[in-house]
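These are the structures, in structure tokens.
The following pair of complexes shares a single chain, chain A, combined with chain B in the former and chain C in the latter.
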Partner chain A sequence: MWVYEKKLLYPVEVTTCNPKLARYLMEQYGGADGELAAALRYMNQRYTVPDKVIGVLTDISTEEFSHLEMLATMIYKLTKDATPEQLEQAGLGAHFVNHGHSLFYENAGGVPFTSTYIQSKGDPIADLYEDIAAEEKARATYQWLIDISDDPGVNDALRFLRERENIHSLRFRESVEILKEERDRKKIF
Partner chain B sequence: MDRSIFRGSFRPYVSPRDPCPPILVKTFVLPPQIFTNFQQPGLPQNSPEAALKQGSLWPQFVDGFSREEGIS
Partner chain C sequence: MNANEEEWNLLKKVQQADFVVVELTLYTDTHPNDAEAIHQWREAIKEASQVRRQYEARYGPLSLLSVPSKQAIEVGWHWNSTPWPWQR
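For the complex of A and B:
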């Protein structure tokens, strides 16, 4: 169960009318290493990881949804008043034909989201190592978004999101360390 | 913030027939968390305002990134 707080995790300011930037941000919205993929991956893996790290996956998955909300806000603000012509010039003509001004879970190339982006192997180390890799890939994606965006408001939020990936990666690394401590532990039932 | 301890660099091979002006040194990110397996207790903390701004309660795990750095 969740309690929804009706505000963003971090304030999102958009300073320019730039639908092309919205298209690039969609890589983190509905892309393979994006926030949706992260949230769904952890929320599903959490059921079959050892007890001690369930909370880590649930907490991080929840936070990823709040990141998804921030990205949705940025994309919406960057596109809501754009004309079809402006969207077409930004490479969003096909998106407009299919979805109008609404958002959709697609990557920057317009490829719709698929669950084949994520995995749940039922092996705690395999799953946690995938999660660490996912965080580092998301961090790198944020770097390239910051490099290609000249909107100071958007870049401020992207810097925040990038740093959160660092912390999430650390928490998953700690989860691996917690599981390593289980080695050779004598269990008495 | 001293970012330099969280960055690596290398010199890629440069061909005399490269079509674009070659970049002689390539820089990449070595983020803080890869140097820590488990966070120590009692680390110095940011103020609540700085923690929100930076995205981390602990300055030790903040390495920043800006387009001015030119890493790409």
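For the complex of A and C:
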């Protein structure tokens, strides 16, 4: 089970209302390489992986949910005071007629989230390589978001998230090595 | 410094201390035999719990794993009170 903590993993301060930036951030909210996909992918893979890597999948998945909440906070703050006209100018007209000011799991192009973004192969090496790729793709997306955003508060939070993806990728690479070592040990004895 | 700022700064300290635990937990997941890291991880949990106690005594629990202090109840703390994290 999980216990809710009434705080963010890292503080999010947004400078101005900016619905266009909010739309771009949706790529990391409900997109293929976004936080929802990451959280759900690891949380589902963990049941059938070797014991030595259950902890890393559980803990990283849990952290991804806290990243999802940071993204939601940014998107909420960037759009809450926007008029329908401003949303339309930012390319969120279609979003507004369907969802109003509420958030939705979709990417920057408005495509709704789908579980076809993620995989669970029942093969720990295949799963972990997918997880490493997912972290690298998320890191790259954060870099493009930082390049396109001029909100200093948002950029501070995005830089934090980009660094976390680096760490997660590293921990998954170490997990692959742990499994390879275990496999080689079994061959020797 | 006004009361809101004081609260916000202390909350940031909780976030900071908790983050050290998050980071060291991931590290020790893949380095279970690193005695120095395990030691740091234990210390980080101790530190985070101290900072949290300090915050929660004044402003109320951040999760329902803590008992609301008399002071927090007196100032009107309730689990459902605002601000929620995205409203700050």
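Here is the rule we use: the second predicted complex is superposed on the first by the 184 of 189 C-alpha atoms of A that agree within 3 Å, B and C clash if a C-alpha of one lies under 4 Å from a C-alpha of the other, contacts with A are read in each partner's own complex, and residues count from 1 in each chain.
Throughout what follows, a residue touches a chain if its C-beta (ideal position, glycine included) is under 8 Å from a C-beta of that chain, and two chains touch if they have at least 3 such contacts.
Please read these numbers as outputs of a predicted model, since none were measured by experiment.
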Contacts of A:Asp147 with chain B and chain C, given as first, second, both or neither: first
Partner chain(s) touched by A:Tyr10 [first = chain B, second = chain C, both, neither]: both
First, second, both or neither for A:Met43, with chain B first and chain C second: neither
Touched partner set for A:Val56, first chain B, second chain C, both or neither: second
Touched partner set for A:Thr73, first chain B, second chain C, both or neither: second
Which of chain B and chain C A:Asn155 touches, first, second, both or neither: first
First (chain B), second (chain C), both or neither touched by A:Arg139: first
Partner chain in contact with A:Ile167 - chain B first, chain C second, else both or neither: both
Chain A residues contacted in one complex by chain B, in the other by chain C: 10, 167, 174
Sites on chain A touched by chain B in the complex: 10, 136, 139-140, 142-144, 146-150, 155, 159-164, 166-167, 169-170, 173-174, 176-177
Of chain A, residues touching chain C in the complex: 3-12, 55-56, 59-60, 63, 69, 72-73, 76-77, 167-168, 171, 174-175, 178
Contact footprint of chain A on chain C as seen in their complex: 11-12, 14-15, 18-19, 22-23, 25-27, 29-31, 61-65, 84-86
Chain B - residues contacting chain A, complex: 29, 31-34, 36-39, 52-56, 61-67, 71-72
